[in-house]
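Letters are used for the chains, namely A, B, C and D, taken in the order the chains are written, and counting of residues starts over at 1 for each.
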Amino acid sequence: MTIAVTAHETIEHLDRAALSRDEIAARIARDIPAGSFVNLGIGQPTTVADHLDAGSGVVLHTENGMLGMGPAAHGDDVDPDLTNAGKVPVTELPGASYFHHADSFAMMRGGHLDVCVLGAFQVSEHGDLANWHTGAEDAIPAVGGAMDLAIGAKDVFVMMSLFAKDGGSKIVPTCTYPLTGLACVSRVYTEHAILLVGATGVTVVETFGISVDELQARMDVGLRRLEG
Amino acid sequence: MTIAVTAHETIEHLDRAALSRDEIAARIARDIPAGSFVNLGIGQPTTVADHLDAGSGVVLHTENGMLGMGPAAHGDDVDPDLTNAGKVPVTELPGASYFHHADSFAMMRGGHLDVCVLGAFQVSEHGDLANWHTGAEDAIPAVGGAMDLAIGAKDVFVMMSLFAKDGGSKIVPTCTYPLTGLACVSRVYTEHAILLVGATGVTVVETFGISVDELQARMDVGLRRLEG
Amino acid sequence: MTLVVDTALEAVAGIEDGATVLIGGFGMAGMPVALIDALIEQGAGDLEIVSNNAGNGDTGLAALLAAGRVRKMVCSFPRQSDSYVFDELYRSGRIELEVVPQGNLAERMRAAGAGIGAFFCPTGVGTPLAEGKEQRTIDGRDYVLELPIKGDVALIGAHAADPAGNLVYRKTARNFGPVMATAATTTIVQVSSLVELGGLDPESVVTPGIYVDRVVRVGQEDS
Amino acid sequence: MTLVVDTALEAVAGIEDGATVLIGGFGMAGMPVALIDALIEQGAGDLEIVSNNAGNGDTGLAALLAAGRVRKMVCSFPRQSDSYVFDELYRSGRIELEVVPQGNLAERMRAAGAGIGAFFCPTGVGTPLAEGKEQRTIDGRDYVLELPIKGDVALIGAHAADPAGNLVYRKTARNFGPVMATAATTTIVQVSSLVELGGLDPESVVTPGIYVDRVVRVGQEDS
């Protein structure tokens, strides 16, 4: 983890509801330092872009070979030769550059991206990530760039719901789904809480509409508080 | 070795003098197939370019990052940003391309060049090359691209004088100078003879002003004749 | 030496049964559809295909799969919303699948093209995709040993070529083309545009002609 | 994030004693002379310099050597007709030398920039430069294991930059610049020309700005 947390102690927002997906995206956008080089994973993480301030100088990377990616393309702006990693047509900003796949993943693997935002099935308290395979026997395995992204960026943020459909926490002592990467996630942004994960376990930065104690009662991992 | 010898039997040109350096260069140029991608080493090998037919479609590579290198630049054509590997100003031909050093040596190491022509201190009968260091204790070692060139091209031709100043053959049973590469040379072009080297030892293709028997008397390696 | 040919069928001539074929493209961007269609017509089978995805809808790579010509797919992301042709073959056990992380796919082909025998890569350490592979800790970080992926043939799409085979691409359609061009014995390219020698800026050439064996122009400009 | 600064001295601020400094250029083509002069003025010493050559004449890298600031040279070709400054230091035992084949120099820096932990390379097998290194036969060919070369700082020359730090080069002055830019923690670039954002063709950018920390314009256009 290279981006420091600015809060000095854990904040429990008990007078409000859980964050909406849009609010989670906005929180992530706020925590990305100005001038960062950022890769946003397919799906929900893509929406973080909508909350980035144009003046922040944040530069978006897409692993299919581009820096300086702009918003989604519409109408006449759609160019089949210009898509993001989710194969959605996008646009090009001034100062953009194109490169081939080996160079693009060298950029990622070499640790040159500041932040990557990914979805997840599970995150372990030590930052292991499982987001490519549910382990279901009949599933067709498909990893894409997930493993490269997981180990590449200086900070990997996960954006997910904190609890699975069965009510269990998706932050777990040990991932039971097949791993994407070991000890790679630094932060997890969820509707109920923003949490740090890593060598010292799980630390709660903020909660939304729920207390740390209430969260702790629903989770199998120990929750620490930030201490000033 | 990928370029086949067209002669069916060894030819001894006894009615003429040894080849001049310029004639050696011309012979090498004649043996480079049309359309080949070729790297010419620093020094004498560079002169092979003067004998390449413009219509042959031979494309010259220089390891400092260019395909489609033209002749040496003179007068107003000199551009300090455009040199060959010997740092001599050169020119650019239509269809040229530039690339960085890692890409240039990837091209070489990956076996994409057809022919490389190098000088040598010694070549072993099995094609080992020694051309970067005399082993003298006070010499400052400097290898440049020699080792990369030696193992890179599909065919490595050596251009050298057959005998050293002390009269000893520079084609030897085993190199005594520090090696540049193992089993990498396929042909040796000298003033007295054109020879194949490799797994089966030394085979004489042609001699100039000397017979195979006379050559054999002056060399420590067995000489074979081409057999039709 | 690059040969400019008139038809996609001429371009794919000689591809043999059992060949390993690298196919460019990321989704449809950079996908050499005309060459794949020609390969179907040409008839080679028992192929090992290396491509990022495993076909979309019923055309291109999906059509090659549907024609029963592919023994094995090596790709990073076979499963897509419209990859039903592959899905059916896979679930019925009629095709092999090797899943490779996308960056490893690119880097392993780069290694093949660059004469690198193997490399220690941090991607996938501790995951099922690293199982059975040699691991090593270097300077405190864990790596997995990855081997080159070499093709007999590469089929790629580019934007423009000159007669020397120099290529430029358009935007993110560049993707796997440049690295596949270096990794195959025979590289076959479909382009939208042919320019004269000297018509490409030497500073902007992405794939030098040394990597290109055959070029065919396809698309609207042909009609 | 790229900072465009006004002087070469600002550009090299903060380089520390003992740093490993990658210096671009092949002969004088691409040599960042203004940055080297600034480094001499800045005063850092005990440096390990990685560069293809070991200085020419009395200026640039040769002047840095003459000023006694360099503990070790890592290069492919120290010996040149006008490398007398290095020659004297070497013969009198006042500088360490590691000779690396030119392609390995480039590939080892590429590995550092690309997050590759080590790679098996065929160059130098059986030669004195492979002594003591791990060897392995892969698919019938012999290789030597080579490790990355990472820099604390890279000093490189380019032709033009935009404010995002995107770079283009000129002709064979490109040489080591792009790979060194990826291999250093801090990459510092001298350019002949600064253009506005959007002034470089995104298809033709050779070094994306993500690799560039500081840019300074030098040369005639400054006067």
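Here is the rule we use: contacts are C-beta pairs under 8 Å (C-beta built on N, C-alpha and C of every residue); 3 or more make two chains touch, one makes a residue touch a chain.
The chain list, named the UniProt way, goes like this: A, B = 3-oxoacid CoA-transferase subunit B; C, D = 3-oxoacid CoA-transferase subunit A.
Bear in mind that the values here come from a model prediction, so they are computed numbers and not experimental data.
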{"item": "Remotest chain, chain A as reference, centres from CA atoms", "value": "B"}
{"item": "B-D or B-C - the one linked by more C-beta pairs in contact", "value": "B-D"}
{"item": "Cα-centroid distance, chain B relative to chain C, in whole angstrom", "value": "35"}
{"item": "Inter-chain centre distance, chain A versus chain C - centres from mean C-alpha coordinates, in Å", "value": "30"}
{"item": "Chain A-chain B separation of Cα centroids, rounded to whole Å", "value": "55"}
{"item": "Multi-partner residues of chain B (at least 2 other chains)", "value": "92, 98-99, 106, 108-109, 152"}
{"item": "Chain D: positions in contact with at least two other chains", "value": "107, 110, 114-116, 121-122, 169-171, 202-203"}
{"item": "Pairwise chain contacts under the document criterion", "value": "A-C, A-D, B-C, B-D, C-D"}
{"item": "Complex contact set, residues of chain B against chain D", "value": "62-66, 79-83, 87, 92, 98-102, 104-106, 108-109, 128, 133, 138-148, 151-152, 178-182"}
{"item": "Footprint of chain B on chain D - complex, ascending", "value": "26-30, 76-79, 86-87, 90-91, 97, 99-107, 109-110, 121-129, 142, 169-179, 206"}
{"item": "Touching residues on chain D, where the partner in the complex is chain C", "value": "107, 111, 114-122, 136, 138-139, 141, 143, 147, 168-171, 201-204"}
{"item": "Touching residues (chain side chain A, partner chain D) in the complex", "value": "34-37, 57, 59, 61, 67-68, 92, 94-99, 106-113, 152"}
{"item": "Footprint of chain A on chain D - complex, ascending", "value": "1, 110, 112-116, 162-164, 166, 182, 197-198, 200, 202-203, 205, 208-211"}
